[in-house]
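There's a structure below that I have some questions on.
Chain IDs A, B, C and D follow the sequence of writing; residue 1 opens each chain.
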Amino acid sequence: MISTQLPAIVLLLTLLSAPICSMIRNGDHAWKLAMFAVWLSVAAAFALMSQVWGGTTLSYHMGGWPPPWGIEVRVDELSALVLILITLFGALVISALRESLRTVMRSHRHSLYYATFLLCMAALIGITITGDAFNVFVFLEISSLSTYALIARGRDRRALVAAFRYLIMGTIGATFILIAIGFMYMVTGTLNMADLAQRLPEHADNKVIQASFAFFTVGIALKVAVFPLHYWLPNAYTYAPKATTAFLAATATKVALYVMIRFIFDVYGVEFSFSQMRLDMLLIPLSIAGILLGSMTAIFQSDVKRLLAWSSVAQLGYMVLGVALLNTSGLTSAVTHMFNHAMMKAGLFLALAAMIYRVGSSNLRDLAGIGRTMPLTTAAFVILGAGLVGVPLTAGFISKWYLVSAALDKGWLPLAALLIISSLMALAYIAKIVDAAYFQPVPDQHQNVRDVPVSILTPVWVFALLTIYFGIDTRMTAGVAERVAQALLSVAS
Amino acid sequence: MLVATAVTIIRTRKLMSAVMLMGFYSLLCSCIFMVLDAVDVAFTEAAVGAGVSTIFFLAAIAIVGRTSKPTLPGKTVVPLIACIATGALLFYASFDMPYFGSADAPVHQHVAPRYLEDSPQEVGPPNVVTSVLASYRGYDTFGEVGVVFTAFIGVLLLLGAGTRRSGIERTAPGDTNDESMRQKIVLREVSDLVIAPVLVFALYVQWHGDFGPGGGFQAGVIFASAIFLYALIYGIVPAQKLLPPRKLAYLPGVGLLLYAGVGVYSMLMGGNFLDYDFVAADPHDGQHYGILIIELGVGITVAAVMINIFYSFSERSL
Amino acid sequence: MIEGLFNYWVVIILMMAGLYVVMASRHLVKKIIGLNIFQTAVFILFISLGKVSGGTAPIIADGFAVYSNPLPHVLILTAIVVGVATTALGLAIAVRVYEAYDTVDEEDIAALDAEDQQRDNAVSTVTDTTS
Amino acid sequence: MTMPTLMLLTLIIPLVGGVLLTFQTNANTRDIISLVTASVLFLVVLGIYPGVLSGQSEALILAEPITGLAFSLQAEPLGLLFATVASGLWILTTIYGIGYMRGNNETNQTRFFFCFAISIAAAMGIAFAGNLITLFVFYEMLTLATYPLVTHKGNEDARRGGRVYLGILMFTSIGFLLFAILWTYSLTGTTDFTPGGILQGNASPTIALILLTLFAFGTGKAALMPFHRWLPAAMVAPTPVSALLHAVAVVKAGVFTVLKITVYVFGIDFIADTGAGTIVLWVAAFTLTAASIVALTKDNLKARLAYSTVGQLSYVVVGAMLANAAGIIGAAMQIAMHAMGKITLFFCAGAIYVATHKTNISQLDGLGHKMPFTFAAFFIGSVSIIGLPPMGGAWSKWFLLMGSADAQQWILIGLLLLSSLLNIAYLLPIVGRGFFRPLPAQDAAQYTAGTIQEAPINCVVPLCLTAAGCVALFLFGDAIYEFLQPVFTVAEPAGPAQ
């Protein structure tokens, strides 16, 4: 029975433990509950992946009503992969959360913090598995609201402004998506995504659908932080509480990207999105601009958190570019990189959080010599950083390899060269950190710094080891991604 | 008229009047909804737009001040372009939209007919909106309760639970004329008369949602409004004595869990999540009980959340 | 045609107005007001979709044959709730901004942020020269 | 043991040795571990010979993350030659390094030997890499592992040198080499080293030209101008490291990469047919001449040797680009010969430094009498580098000239000869100063007091051995030639398929 109910269970585990968490006064107990719930949902996510492995699709009817009347939950390999992404990386971050919160927040607030965290996770899970367009909007809002609250909890007062800006941008984006959904509904009379996909092609010339597509693209681009709508991201990531950044960087934009892929390929259809609306003409230049601008800006940052945030802008550019290139390698790269980058960035931000935990700042000058004072944390950081650069045998290499192959498959040599150059830029900003960490003297006030407690160190190292693992065994990442890419593209041809 | 109100809101720099106009605007909207046959929505819009959000705005303005500076000249260009682009896109799209009110529009052809034709048999309540809301798309509504709950947790995380107490008599935040207000005894008397019926009305709306417009959400909002009114007139402290924030803070979670509980129960009974057919032996009864309980969950959560948020704002204003 | 589309056009104008306020206004609370206008406009759009001429509210009763479409109503009920939740959270953040900056004017905040930034950098140059 | 196991062992042994080192606090046990590891490694490498000689070519696939893109090891003669040179010289370098590091009381000796071991593991990986991507991984590993060695002294100079080192090597390898690899993959769908090449039929002459140029420049370790700057910059490193860089692993890895790509990715016939090597050939020819001239101007002994290396490396590249049997064999031999010769010279330079703390050539007057073994060895090494019989270097130069003649590159022959003359001009005067100039008066007293003598025995023995090796290589030149022959006999069947 459990196996058939899994799609609901994976969501409910986190969604239901959130209110219970909020009621527990004692932060430690709340944490234990949260841990229990998220690790169970990790198990559920893997169980789902094993059910859909090979390309089957699960359909679960909420309330027992068949679609399109009721709301359908659909799990295929792509959503299962994203589920693992959310639950696994979220669980790792939560594991480190208790220790890292201890220094920044009064204990009775912890439970609320965990509850918000769980809500955000639950919402992202909800978005991932739903098969109903309007339901996407509902869960998108839960995730957004919890994200705003989480960001606003940052220590710097600029966190508040960052959160507010994100709230405004995010709400506009969400409302745009709502308009897009309304337009689709207007023309087709249905909200079920699979049903929409069937009914939309005959309306491809309808101006309403075209407008719907435009609204959707702008709205989701805001959420994905596609250049030039990335404006909210660097500040939000920089000023958010340190562990929160790790979680957000891993999940929020990735799930938005997932929604983008779902709608572009599955709902609107490749034919419409690319042949008719020429989405690639728009996305390719924008993503390239994002890659270059993000990498360039990252190089010149002296605050590591901000540096990593800008690097995220660039890395998201890679993923969008992968989508826009519209061939199997490109899409494989986008999906793989979605997973890999989530893992590496979460790990990097978590490692950085560990450093801030000890040093109290993420400025390069304070991190000087940290390779000597916190050798284990820094070593993990270097591995993850290598992944970001795309060093072979790390996960980052796999996704970049596919992306460059995609560019070469198209015969676009300059683009491939550009990607290599941007990798060099990534190398430059990671090298900058490594240089500070290992080859600069430890500032006097940080002489007594030592490695963080095991409870933070373990998740950091799990991220680092996973980065290597997924650089070697790619059945679950690139393997799945390739099948997904073929499936998504074959709908058109 | 809507447009006129909206434009005035843009032009005015006095936030107070902007907020008041906002309330008026919401009322107008709810009239339009009424005309468009969306009674439930009209009801909600009136309670939320004209009621709850106005109160929130007032509470916030009491804290942050009432006037805004004019926009710098150079800063209007980008927004203007963006607006016009959006408008143009919408305008472009509007030419292919089905004509307003036409019965053969696709929306009326595909999914909706089943709701209208079969829901009395399949679900029960004559109010189709309730059937769709609570049963067909009960999962959405579950998410919606989640949104409300998230807002609650978020506000709590940011502003605190509103449990700080001090010896000083607290005054209502939204009402900036509280001194003069308190002198108006007549108002108190009247409001005493009003509050009780409002509470009763809220309960009525809660249970009557099956048949007429209404349901847990509207009831929750109305219930909260009654408390707001009480707090505005008597001050926040008596209100908090009536409904202690510490206890109230549990209720949103309880409501959400109640809702989910029904879903989980139906899962345990062998159905899917939120499949009320399995709640009782007879599917028809099951649907009935299921909707009743989840509406109660919605009502509890919404009312508790609104009051909690209100408390949180109030605490900050001093 | 004018009659058939008039409703939509009103909605469009409202949307534009709301969006303009959101983006152009300096006052954070006013931005949220704009957001509300914008969202309400979208609500009207949805509800307009559900209207059937000559229909009545979708509450099944004897004597009525034509009902308006209930689905948009349901969606908008949800959306209104989402809207008020966003408003509440937005205002909460605005209040916190006010407490931290003593203003809710965007330009003023930007100026204060620039000072913060300068302070951060200044500290870093000082330590750079000493180390 | 089977070949795959042996190849895997060549990777594991240095790594394990390196890790074991870090747990030793006692300097003596640590040094013994280093030595034992090096010796065992050398024996294992020798153990691979029978398999290769009998024509086995079993590959070992470590992992295959992307279809057609495995991490695999495969032994073939060129790689085995390189592995033998690297592992054999590692033993000597270790002996020498122990003496040098102790003699100079260097700090962080454990880290030093650890990184050294990792570098050797990387070199083994390069030698046995079964495809481009594996090669690339180990190539980068080598760069990263040698970086702490270059900056070992930890002062500002060392860091600056280290930055140039890392900067150029990383930039070229990611910017050009990786790009070329990706391009190759997209053209052919594989990056496996295949006898006869994989590009034939998949790339037009123009693309082949661009690709080969990318590969050659991308292999920054081959130090083609204008990407040679890192080599002189890395001179800040301790002498054993210089030996590692110049003779044992790094630059050899570079030219070996070029050679391997030429033979197994392009295929020499393909290069010869398309003329893809033209650009690189002339850049290399220019480099070998120019570097020799620059070397003449350097007074710092190690700097002169560094430029000498730049020039000598280009011989290998030239040989590879000639794309005929004599050229390739000459190039492969040059790797071994130059390694042996250059390591001798560096050992000598280090020995002089340990004994007298002198680094400039102009200070060496008269030292030959005080340090006869060192200077004799220096002489032997020099002659081998120049390419005169009876030293090993004669063979490689001879084959390179033959190759040029086969390719009818008469100008090239001229340049090669000119460069040899220049080699004489910058190497032999050093020896001359040592033996035929009198000691400067102000130092004489100090020398006669007996404070200056030969370097420690640990330093002198290795350099004598390598000097002897130079002679030995001359005698065994024929054996090496025989051993390398299969590279072409295997290649031939693949060639006519076109």
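We take it that a residue touches a chain if its C-beta (ideal position, glycine included) is under 8 Å from a C-beta of that chain, and two chains touch if they have at least 3 such contacts.
If you're wondering where the values come from, they're calculated on a predicted model, not measured in any experiment.
Taking the mean of each chain's C-alpha atoms as its centre, the chain lying closest to the overall protein C-alpha centroid is A. For the criterion of most C-beta pairs in contact, the winning chain pair is B-C. Centroid distances from subunit B, each centroid being the mean of CA atoms, peak for D.
Chain centres here are Cα averages; for subunit A and subunit D they lie 45 Å apart. Centre-to-centre, using mean CA coordinates, subunit A is 31 Å away from subunit B. Separating the centre of subunit B from that of subunit D, both taken as means of CA atoms, is a distance of 76 Å.
As a whole-number value, the distance joining the C-alpha centres of subunit A and subunit C reads 25 Å. In subunit B, the residues that reach two or more other chains under the touch definition are 90, 95, 97, 105, 107-108, 111-112, 115, 137, 140, 143-144, 147, 150-151, 154-155, 158. For subunit C, residues touching at least two other chains, in rising order: 19, 22, 28, 49, 71-72, 75, 78, 82, 85-86, 89, 93-94, 96. Shared interface positions of subunit A, defined as residues touching 2 or more other chains, are 134, 138, 141, 145, 148-149, 152, 185-186, 191.
Pairwise chain contacts present here: A-B, A-C, A-D, B-C [touch as defined].
The touching residues of subunit C, when paired with subunit A in their complex, are 19, 22, 28, 31, 35, 38-39, 42, 45-46, 49, 71-72, 75, 78-79, 82, 85-86, 89-90, 93-94, 96-97, 100-101, 109, 113, 116, 120-121, 124, 127-128, 131. In the complex of the two chains, the subunit A residues touching subunit C come out as 134, 137-138, 141, 145, 148-149, 152, 156-158, 160-161, 163-164, 167-168, 171-172, 175, 178-179, 182, 185-186, 191, 302-303, 363, 365, 368, 440-441, 443. Contacts from subunit A toward subunit D in the complex involve residues 391-393, 398, 401-402, 404-405, 408-409, 413, 416-417, 420-421, 423-424, 427, 431, 439, 471-474, 478.
On subunit D, the positions that touch subunit A within their shared complex are 63, 65-66, 69, 71, 133, 136-137, 140, 151, 159, 166, 170-171, 174-175, 178-179, 182-183, 185-186. Chain contact summary for the complex, subunit B toward subunit C: residues 2-3, 6-7, 9-10, 15, 18-19, 22, 25-26, 29, 32-33, 36-41, 44-45, 48-49, 52-53, 56-57, 59-61, 63-65, 68-72, 75-76, 78-80, 82-84, 86-87, 90-91, 94-95, 97, 99-103, 105, 107-108, 111-112, 115-116, 119-120, 126-129, 131-133, 137, 140-141, 143-144, 147-148, 150-151, 154-155, 158-159, 211-213, 217, 302, 309, 312-313, 316.
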